[in-house]
Each structure stands twice: as C-alpha cells, then as structure tokens.
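Read from first to last, the chains carry the letters A, B and C; within each, the first residue is number 1.
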C-alpha cells in the first residue's frame, strides 16, 4: 500500500530522517513508534506532502507521492490527522466533515450560484455522508456543535471522521490517543478495529507503546531519524536495539 | 555631467533616508511581527513639527544662524515623534497583542489615517516649504555634483546606523531586544521586561523617523501631509528587500532601493524608448517589493524561515 | 431586514416581509427625493455601488481571510475599460451589456495575475503587495497619456456613454409611464438589480463547497490542505471572484458618473471599502451591507456639520469633508480594539475574535504561516 524507500529529510544542517525505508501492507494496522524527537512526525509530514523529502521515494500503491502537494496525496486516498488537533474550530462538526468531502465533490462557482440539480444532489449526498460519518465515530448528535466547543476526545474523533470523509485507502493517525483516559483509549481502539474490518489500512504513530503493541500487526521503531527495527510487536519487543533505545529507558 | 555617477549619488542620499525609516519598520517587525503601517506618518509628523519650529524661529525677531535653527527644529521633532510612537504602541497596538493577525494591521492602517488627516487639519493641504537656511555649496566629483547637504545626510545617517548597531549588539537593552525578538515568552521568563523593550523599540524607531523626516524635507525643500505614505511604503519595501526583522538588512535594503530608484528613474526613458518617463520613479519600489516577496521572501540578508507547520 | 427574511416565523410572515421590502426598495428614491432632495438619490446610487464593492471584497477578506488593500485597482480596471470602449476617447461606443462583463472579466484576470505569484505569502505581506499593486495601477493611469494617450493622465476620461436600455438613455431626465425620472432614478434601479444579484451570489457562494473551502483556509490553511483542498487555486478563486465584482462596479461607476480620473481610485478608496466590511462585521453579509450603507450615508450627513458650524460659530472651523477620513481612521482603531467582530457580526466571527488563548495561539501559528 505505502512504500517508503530510503527517505532522508534535512532541515538546514540537521538531519531529521536518514535513509528510512518501510512498507505498509494493504489491510494491516502498522505502528510507528519511537522516543520524542525520533522523527515520527517529520516522516508523517513527508508522507502527506507537508514537507518535501531531501532524498528517497514514497510510493502509494505504486504511485509516487513524495514532493507532491498535500491535496494531490489526499486525492489518491491517503488521509491524515494531526497530533495537535487541527480542526476548523469555528465551523460546526458537520461542516468540518463536509469540508473533508471537498476532494470527492466537484461543484464550482457556477454550481454554487445556479444550484442546479447536480449540485443540489451533490450537496444532499455530501450532507448525508457527513452525518453518517459523525454517527460512525459517535458524534451523531453533535452535528451542529462548533468543533472548538467539543470535548477533547470528541475533537479527536471528529478529526478522524473528517479524514474519513476524503474516502482514504490509507489513514494515518498522529498520536490519536494522546491525552485520553483509559476508557476513551478503549473506545478508540475499537474504532480502529472497526475501520480495519471495513478494509482500511491504518498507519499509527504512537507514544503509547501498550496500545501499539496490542493493536498493530507490524511495528517500525524510529530513533534519531533512523529505523532501528521493524517486525511484529513480539519481534520488536525483543530487539536489543529497541530495548536499549526506547523500551529500556522509557517503558520498562 | 555623468548621469550614472550623479544618479548614484542621489540614490545614496535618498537611500540613507529610506534606511533610517526602514529601521523603524524592521525593529518593530522583528519584535512584534507587526507591520507598523503608521511609521511613515510618524516620519511625516517629524518633518511637520520640525518645520513648524523652524518656521516660527525664522519668522521671529531672533537672528540665529541657519543651522542652529534647523537643529532646534530637529531637537523638538525627535521627542515629539518619540512621544507619538510610544503613545501609538500603548493605545492602539498593545491591547491587540494577542488578537488575530489582521486586527493589529487594520488598526495600524487606522492610526495612519488618523495621523495623516490630523496633520492636514493642523498644517493644511498645501505644501510647507523649508526656509532657505542651509547653505547650498556644491562640489564636483567624477563629473557629478554633490551638495553639502547631501554629504551631511549620508554622513549623519551612517553615524546613526553605526550607533544603533552598537546599541543592539552591545548594550543590555540591545540584548533584551534581541532576546524578545527570538521569543517573547522565553525572554519574559529570563527576566526581560517585554513591555519595556517594546516601548523602547518604538521610541528608538520614532526618533530615527523624526530625523529622517527632517532630512527628507530639507532635501526636497518641502513637506506635505501626504508625504509619509509613499515614504513609508518605500522604506517598508527597503526593509523587506534587506530581510525584514534584520537590522543590517534594513540599512542595506534602504541604500539599494535608493540607488535602484535613482538609476531606474534616470534610465527608464532610454530603456523603454521614451515610452515611460521618470515620473514612474515611484513604481520601482513596488516592483522591487513584489519581486523580492515572490522570489526571496526572506530578503537579501534574512534567513530562510523554516516551516513551523 | 435580511435577518428578518432569513428567520421567518411563518411562511406568510416571510412573504409579507418580502413584499414590504420590495415596495420600500421600489419607492425609496421617490421617498428620498421628497424628503431630502434629488442629490440624496445620487447618494443612494453610490450606496448601492459600495454594497457591491464591499460584498466583493468581503469574499476575499471575510470568507478567505486574505487582506487585500489594493481592491480599488480592480474597480479602476472596470471603470477604465468601460471608458475606453464607450466614450469619444477612442471613438468606440459599445453597449453597456457588452462592456460590463468585459470589465468584470478583465478585473478577474488581473486578480489571478496578481494572486498567482503572491498568494503563498503570509497575510500581512499579501496586504502590502496588494497595496503596492493598487498604487502601481494608479500611477500608470496617471501617466499613460504620453507618448500614446491611453488614459488621458490626471485629467481622466470624459463624456462616457450613459447606459441605454431599449432606446432609453439613463443619462437624462425623462417621462416614463407618467413619472418623471432623473438619471439618478434610472441608475438606482439598475444598481439595485445588480446589488440584489450580488447579494444573491454572495449567499449562494457562502453556503457551497467553495465557500466552505474558503472558510476552512481562513481557519487553518495547513489542515485545509491536508483535507484535500488545493489551497492555492481556491485562494486564487476568491481573489478572482472579488476582483470580478470590483470590475463590475467600476463599469457601473463609469457609466453613472460619465467621467473618471485616477483620483477616484486611490488607496483611501480601498481602505474605505475595507472599513465598511470591518465596521459591519467581516464575513457576514447583512453586516457588510449595513457597513457599506452607513459609510456612504454618514459622510454625506456630515456635510450638514458645516452648516451647523456656520450657524452656531458664525464660520466653518473644520471642513466636514476633511473630518471624514479622520473619523474613519479612528473608527477602524476603535472597532478593532473594542468590537473587532463588527456591528452585526456573524456568530462565527465573533467567537473567532474573542477566542480563548489556546485556540487562538494554534490558529495564529497555523493561519498565516506558509509552507516553504
């Protein structure tokens, strides 16, 4: 599904990513872990087009997506959420999700002004799908609430609904359970499993090792901008490099 | 007469004035990330106040030497502008320090309208002329003319810029300013009184503006309530050209813009086969501004700003 | 009044309100002429023109959050194109229905030309660049009279054709259906039609895929891009749409006035239109309309201040017209400090300006930062 080949990213003199390669297979939940500053979010931003890469390639289902504009990557079916929730705070929850449909709808200025039958059908469809997505993440009764007024956990879920609205094949989640209590974490976990059962491939950046280990099919570990391990959670857990770099210091 | 050398000299003189005004934009931008739209008008007020004082003394029974009269004008204009700059920051910008970015910019535009129209009400719509107090001795170098006044403008602005450079690099205040420009929060944690640093920045910038205002009115022999607008825009362009937020950049940008403008005005007729003439002089600053912003928004000396996304 | 239309309690009430409004708008020039004199009908015309301009700029500033200080350049382009194609200046006399769309299109094209290289700039830089663009256009209008006389320089272009509809010239007073209609009356109805169309379009755009994309960009440009919005093109579209209305209003202005010169298109005109939006409430259509009406009518009312001074003080101490800009400037500052959301803001904008610190910081970090 997603292939990263030898990607490096330098900011000025600092090398944030060095020759990172990994492969996310269709239908799996893939975890990307590593200590703070290991380059997880940088890699994420490279994948989703917010940063260009300094060298290397990123392929989505065989097609080049590195150094592409973000909207092109979304169009190809790769959606994301943000670590520090970036909703359109002053739009309603429903409108947030409707914005997510932008890339799958077509109405332009003429359609907006004339509101012809096609546009009306599209808008109705858009509204229906957006409401369905809100129902799916459990925010069905908050459609009219402003995104900025939602509770923290609800905002996380709204971000996922918004990303789902772009009809992705691959959904990348940047620390989706950060700051949540155990009950909320469990809810999210169930949500991820439901998403996978619907055929979606998930890429998960997490700090919470327990969640990743219990949920992911395969895991890659980044440290100082390099991939130091990749494999099933149990393999990775026993990798000495990982224990030294991360588990040994942090979560033991 | 050598047109090239002559326009180069004219450009350097204008450029040093632009640089003085550009410093005010760049210092404020460096610290507050605000385009102090009203700065050009502060320059205008400086010129107007100085001319009012000069006119009053020259018209009175006192028979003082011309240069002393001009000096008196400058010495009144500087504190007047400093007070003005200080007040503007305190009244109009400080309440909006945490507001969305468009808000202070719109306020700055409002302040500049208020200043311009107040000046019009006080001093009228007509041009105010600079009394002939400064001797117009002219020297010849390399086939071009340079007057005492031109030499004086270049020397004085060089001196002021050197002084400012020292202040920013060496003094405690300068250190505090640089720290505040890096991060207001961290500077505050380190014990810097951020409000005072910001006020000081406005005070210094306004003092420079006052001097520049007197220079420009002495150079052209007149002042006008509308003069601050164009001057301000050009100085802002100069600051962007050099790299906004960068003090050395403002100096370089000012000089460069002055030279570009003077040479451009001198040669545009030849370049376009007479289609466009020297009255397009004012267009150059904008073209420079647009080109710089499009191709190198960080300016000549600015660092490439990394994305914070 | 528009709010009344949008929140009707019952259908029949809504219909009654609509009919009342229509009758009022139809009779307004006659009522105005009777109460205040014919010169006030011209003021009405200008008010409508400014409503079109303000709604156009509102697309750029209010919806998409792009501060455009050179908006008047598009107004100027529309006006000059009209003057070139329908006046003795080049000896062309094309009909207004052909010239108006051309002017709007020309302005739209210039909007794209200006926007394409500059829209990736941060908000405040964009403001200065657009301001520079406005000044460049004005300087060219002022000087393009030699060696080839294109704009006739500072003197401007005179004797521009009035609008003709069905053999009726809007330029002179005539009898229609037993009523005596002056030029100002004719243009009132013409402008009213265009204004209503503009309001309609503004509402339709607001509640559409494109309108939501504009607001998304204003709220968080990075997130908008990550949601698949081509931010550059969508911003360009806002710029072009705004410019289009500017060009249209320019053409109407030229026909109405019969004379144009660069003086009508200076920076303060841009700022005046911006004031209208800020005063009424950025991004909120009824607010913007109110702002435009207030700021056209108030300065006219200020003229009476001169008479009042003469009456009370025996002389005119301060020319009221000189006070006009001063008051606008002060209003801008005061509005931003005390009521940044405008007189009748959209609920959304109000929250935006009074947002809690956390949300705000996040917005500030994201909203105007461009990617490198």
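To be clear about the criterion, a contact is a pair of C-beta atoms (placed from the backbone, for glycine too) under 8 Å apart; a residue touches a chain by one contact, two chains touch by 3 or more.
All figures in this text were calculated on a predicted structure; none of them were measured in a lab.
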Inset, instruction - Using mean Cα positions as chain centres, tell me which chain lies farthest from chain C. - result: A
Legend entry - A-C compared against B-C, more contacting pairs: B-C
Inset, instruction - Determine the centre-to-centre distance between chain A and chain B, using the mean Cα coordinates as centres, and give it in whole Å. - result: 49
Inset, instruction - Please compute the C-alpha centroid of chain A, do the same for chain C, then give the distance between them in whole Å. - result: 42
Legend entry - Whole-Å gap between the CA centroids of chain B and chain C: 33
Inset, instruction - Indicate the residues of chain A shared as contacts by at least two other chains. - result: 50-51
Inset, instruction - Note the residues in chain B that touch 2 or more other chains, in rising order. - result: 304, 306-307, 309
Legend entry - chain C: positions in contact with at least two other chains: 222, 352, 363, 366, 371
Inset, instruction - Could you pull out which chain C residues touch chain B in their complex? - result: 65, 67, 69, 117-118, 121, 123-125, 127-129, 131-133, 135-136, 139-140, 142-143, 146-148, 222, 267-268, 271, 274, 278, 318, 322-323, 325-326, 328-333, 336-337, 340, 352-353, 357, 360, 363-372
Inset, instruction - State the interface residues of chain B toward chain C in the complex, per the touch definition above. - result: 33-35, 92, 95-96, 98-107, 109-118, 120-121, 229, 233, 236-237, 240, 274-277, 279-280, 282-283, 285-287, 289-290, 293-294, 297, 304-309
Inset, instruction - Quick one: which bits of chain C touch chain A in the complex? Just the residue numbers, please. - result: 200-201, 204-205, 208-213, 215-216, 219-220, 222-231, 237, 241, 348-349, 351-352, 355, 359, 362-363, 366, 371
Inset, instruction - Sort out for me which residues of chain A touch chain C in the complex. - result: 48-51, 69-71, 74-75, 79-80, 82, 84, 86-91, 95, 98-103, 105, 107-109, 111-113, 115, 119, 122-123, 126, 146, 148, 162-163, 165-166
